[in-house]
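This is the structure I want to talk about, given as structure tokens.
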Amino acid sequence: MKTIKNPGASSGPHKRGEVLNLRHSARSLHGNPLGDPVERDLYCYVPADYATSQARYPVIYFLTGFTGTGRSMLNFDPFVESMDARLDRLIGSGAMAPSICVLPDCFTRLGGSQYMNSAATGQYEDYLINEIVPLVDEKLRTKPGRDHRGVTGKSSGGYGAMRLAMRKPDVFAAFGTHAGDAYFAYCYLPDFPKFVKGIERHGGVEKFYQHFAALPKKTHEAMDVLNILAMAACYSPDLTRPLGIDLPVHVPSGEIRGEVWKRWEANDPVHMVREHASALQSMKAIFVDAGLRDEFNLQFGARIFCSRLDEIGVKYTHEEFDDTHMSINYRYDRSFVELAKVLA
Amino acid sequence: MKTIKNPGASSGPHKRGEVLNLRHSARSLHGNPLGDPVERDLYCYVPADYATSQARYPVIYFLTGFTGTGRSMLNFDPFVESMDARLDRLIGSGAMAPSICVLPDCFTRLGGSQYMNSAATGQYEDYLINEIVPLVDEKLRTKPGRDHRGVTGKSSGGYGAMRLAMRKPDVFAAFGTHAGDAYFAYCYLPDFPKFVKGIERHGGVEKFYQHFAALPKKTHEAMDVLNILAMAACYSPDLTRPLGIDLPVHVPSGEIRGEVWKRWEANDPVHMVREHASALQSMKAIFVDAGLRDEFNLQFGARIFCSRLDEIGVKYTHEEFDDTHMSINYRYDRSFVELAKVLA
Amino acid sequence: MKTIKNPGASSGPHKRGEVLNLRHSARSLHGNPLGDPVERDLYCYVPADYATSQARYPVIYFLTGFTGTGRSMLNFDPFVESMDARLDRLIGSGAMAPSICVLPDCFTRLGGSQYMNSAATGQYEDYLINEIVPLVDEKLRTKPGRDHRGVTGKSSGGYGAMRLAMRKPDVFAAFGTHAGDAYFAYCYLPDFPKFVKGIERHGGVEKFYQHFAALPKKTHEAMDVLNILAMAACYSPDLTRPLGIDLPVHVPSGEIRGEVWKRWEANDPVHMVREHASALQSMKAIFVDAGLRDEFNLQFGARIFCSRLDEIGVKYTHEEFDDTHMSINYRYDRSFVELAKVLA
Amino acid sequence: MKTIKNPGASSGPHKRGEVLNLRHSARSLHGNPLGDPVERDLYCYVPADYATSQARYPVIYFLTGFTGTGRSMLNFDPFVESMDARLDRLIGSGAMAPSICVLPDCFTRLGGSQYMNSAATGQYEDYLINEIVPLVDEKLRTKPGRDHRGVTGKSSGGYGAMRLAMRKPDVFAAFGTHAGDAYFAYCYLPDFPKFVKGIERHGGVEKFYQHFAALPKKTHEAMDVLNILAMAACYSPDLTRPLGIDLPVHVPSGEIRGEVWKRWEANDPVHMVREHASALQSMKAIFVDAGLRDEFNLQFGARIFCSRLDEIGVKYTHEEFDDTHMSINYRYDRSFVELAKVLA
């Protein structure tokens, strides 16, 4: 078990926890179609008193957004409180019950997995649920069981949290979503034209991907195309197609392909609520937010998701804040605090 | 009959036509719900030899885009060829058969009418078809009859041209559309979130409109909101609603209202093609273009519209160019030339 | 004497003035180096009662900004009050003493003249002072003499107003400047890098200009380059150089050429104040404004100009408003009202 | 001596070096005026064969840009080659002679130090030259002496490299600068208006800084203000002023203060060349680059700096590339290779 200390990161007056790396081989990812690594890091924050106490701790899984990895969540920026310093402060100040925080790595060469099983990317839900969760319970002094386990995250990580909680209420009893992907007509569809332009320019998805992979610098333009391509890999895999991906649009006309769009919508959290009503009703806490200037319009996804929860009589905390989609780490405090409260 | 000469506008070496104003009272607009003026200008360009010859001329109706009027199409910018100088050059150089060009004014307080009849805005299709066309034929030496009459325009004017040609093949035998509104999922839907924000901020459509009307300067932000509001007034009027407009979205959740969206789609040119197949098959010329960087993604609307024409076996000229949606007057040459060729 | 009526422009309940065109041949512009037209329009607004009264009126010269002409100031936008409707309202409501408003055309192929004499562009100060002013006094029922004559304008027109009032206090007794060019280190220098890139890309000023002239659409990028080129033509002409222009920068290194920059600074209003102290002290009204988000930082030019006026004990009205540099016509009310007050 | 391995970072087929942390207490920073930490990390990359060989290695100091620290240069982004993986590849492929690479931390609360001594920020040049260099030579198997020592960096780090090489030719025999700060009239002056707005809005530099420090998210707007404030702290400290900083502009007029600007210019690399001609003539390699779309116009700073080197007969490698100022890590290969060639 490797240990990383962040000697440069300030936790102010608070005692500092530790970040452990439960590096392991991911069976679920063996033979994954993108050839992504099977050896994976698994960074886990344990609170300051972990080493000296015998206590068991609730566990919060924090899922990173698109293009993030477990490790990148630990990056250092002197003007931004780091993940571990944030937890040190929240726990040290008493705002949050002492908890373990796990930072899974479900990255793929396409930028992410949406924490789903997909024939085009790999079995990332299986990996998280069947391997990471048990590994954490085995290696760390967790309070095991769904009642002490929550999941939260930002953007695609918020999506993963909504999705996993709805599908695996036996594993998680609470979830949070910060600007999580929802209401695909607003968060993805407006980027379809850019996507078509990018794919057309490069002569197809395979040539686009080769171009992307070779770029010494991934431009915003290329990232926008990659984003839709990755979502298609997650929501509409089709092994008979190039890269195993059925596109939601015709190239080059741009026309939306109704059948594929339906597959996407089936994965839209706002459309998943009714089917997963009992899972949602079993949650001990739900935290939802988004910024009022979110570039992906996710404040509307959040509002619509919450309106669906209203329809099935589920309580939640819903917050909006005056910010964009980017660099909203300071918001993580909110789901950490709300989840830890019910999981302790 | 008033005459405007543009003394400052250069037509280079070419003889200069004249712009006449057939100002009149528009019966179809009496009692229009927005209280827009009934007295309307009707600027008509006649070629240089009109005054001295006895000839009759084909007529091309040029429809302005959203927020434009007949008069604003004659505005002077020393770095942009004006509409009359453009026609002088095209005709004077022999590129275009001598034609009359009519610049209808179908402006409303909401920014435009989409050249439609709507309970929320007024009877602008009736006005154009039943009043303007006969008036032009009465007052000017036109070659009357659909075979000598075409319609073209830009943006909302391109939309109007597509729409009117499909619905009134007895009136027009050719049409052009420069970056005309089409495929509403790409040209309008991506602005729905902005619209919801704007309406929410001001507390409803009526308060938004009062705010808008009072603005000494119409900001881009306000214009984006107005645009969707005006489209709703055209595509989904409902006199039981504020301003007589049924919105395509819930405010404030942003959720798209399926029934209203269907009303919009019924007015989308790409969805109108099949119903109007025989009208389209009767056209002597169809010209379609859009820029490859159109901010409203109208190059995709154009492609999809053309793919629908393919399905019904209709020929057309389709061009794309490396530019945005804005300031593309230089493209007008193309539809003028193509239409004049078949209408002479 | 030609007359233009704006039949579409609303003046609300107010009586409408007229716009006359004193078209003439400009002696001062004969043989101008750019080959710009010598025949010039001169649009003049006269108040509603001009035709029926025998009264004489004070005169306000309104100078348009870069790329504008006299005629373009009369363009019609249904959402923007036009110049003539604005004057109708101000006069009709009693806010402004009845005045003649003259709209000179000092446009050049480079976009403007800064209302200066320059070996590279032409004798535009001479033209305005020695020809336009006498012509107006001859043809219209003006109250002649400096005490009844003011000059105002926007952007380059505000610059022209400051400059002309400082240099010709015998001609003008009051001036206004809306976001007028001032403090060149902030309004021009930040665009020098763009300028160098543009000139370098096209292989010199002459090739750039040929490229520019041939562009069917003048892009923002090209306009930014033209702007600095035109300013150099005005501030640092040198007939031994290409196009008669000495550039303020080395191409391609971008290094500022100190001697040329000094010539520019000599024309900067903030540096002209001391030399023209007595002229400024003789003004009956000075109005200065700029927006707090001016893209050319002209609010700072305005502040510094006013601080120089303080140093020489001159009174002025200085206003700031929450807007950008663009579409600030609604601000013109302020200088019209302030100037008319002292000129009547 | 702590060791960090980057288990997630790919070096492809190449053997992986190690990153050591020579954490220490910085005497030169004791009592620094901003109260910044005295305990500092010092991350040092050593090549793959360091552990097993007895060899000594040349040393390249890589200086991070504004807002960066030594640690942040080691951040992980799955789509960007990390600093250590870059060096593994360059060395492993034979493109670069095996070298130690040192990542100094000269961060301050204002975002950086420009690697200078300043009464307002601290003695960062002393720290780097008198403490870091000897510490590295003491703790690691370096080839000591200026002939085996080079310095390079990006942005403010490129500035630091130019500055330190010019001032300390006894310490460094080669330097590189990627988009290094130079020609302040283009890289800083255009941001002065934003700076004035920011300082004015918050009521002075102290209140601005308090505001900034408290921001949970540092906005772009705030960072732009901080940048100029930090530069003033470095280039024009004055202990009689708030925060010990003499501003280059009057607030709120924005007028440039000539005496302070002269202090800035004395620190501009393009103005330092002549004074440091013999130091520059003693360099074994100089590498200069910048992107052709650099947002801070640093390609012009690079060109002018090189033109100054021409004047004193100094050879250099100057490259330009089609990119902006941001995310240009892939360019670091160039200075690493060029410096290692002459330092080995």
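For clarity, chains are labelled A, B, C and D in written order, and residue numbers in each chain start from 1.
The definition used in the following text is that a contact is a pair of C-beta atoms (placed from the backbone, for glycine too) under 8 Å apart; a residue touches a chain by one contact, two chains touch by 3 or more.
None of the values given here were measured: they were computed from a predicted structure.
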{"item": "Between chain A and chain C, the fewest steps along chains that touch one another", "value": "2"}
{"item": "Partner chains that chain B and chain C have in common", "value": "none"}
{"item": "Angle of the C-alpha superposing rotation, chain C to chain D, to the nearest 5 degrees", "value": "180"}
{"item": "Between chain A and chain B, centroid-to-centroid distance (C-alpha), Å", "value": "46"}
{"item": "Centre-of-Cα separation between chain D and chain B, whole angstrom", "value": "57"}
{"item": "Intercentroid distance (Cα basis), chain D paired with chain A, Å", "value": "35"}
{"item": "Overlap residues in chain D, where contacts from two or more other chains coincide", "value": "none"}
{"item": "Chain D partner contacts - residues on chain C that touch it in the complex", "value": "183, 185-186, 189-190, 192-193, 196-197, 252-256, 292, 297, 300, 303-304, 307"}
{"item": "Residue ranges of chain D touching chain A (in the complex, touch as defined)", "value": "2, 4, 7-8, 21, 23, 41, 67-72, 74-80, 105, 107, 111, 216-218, 323, 327-330"}
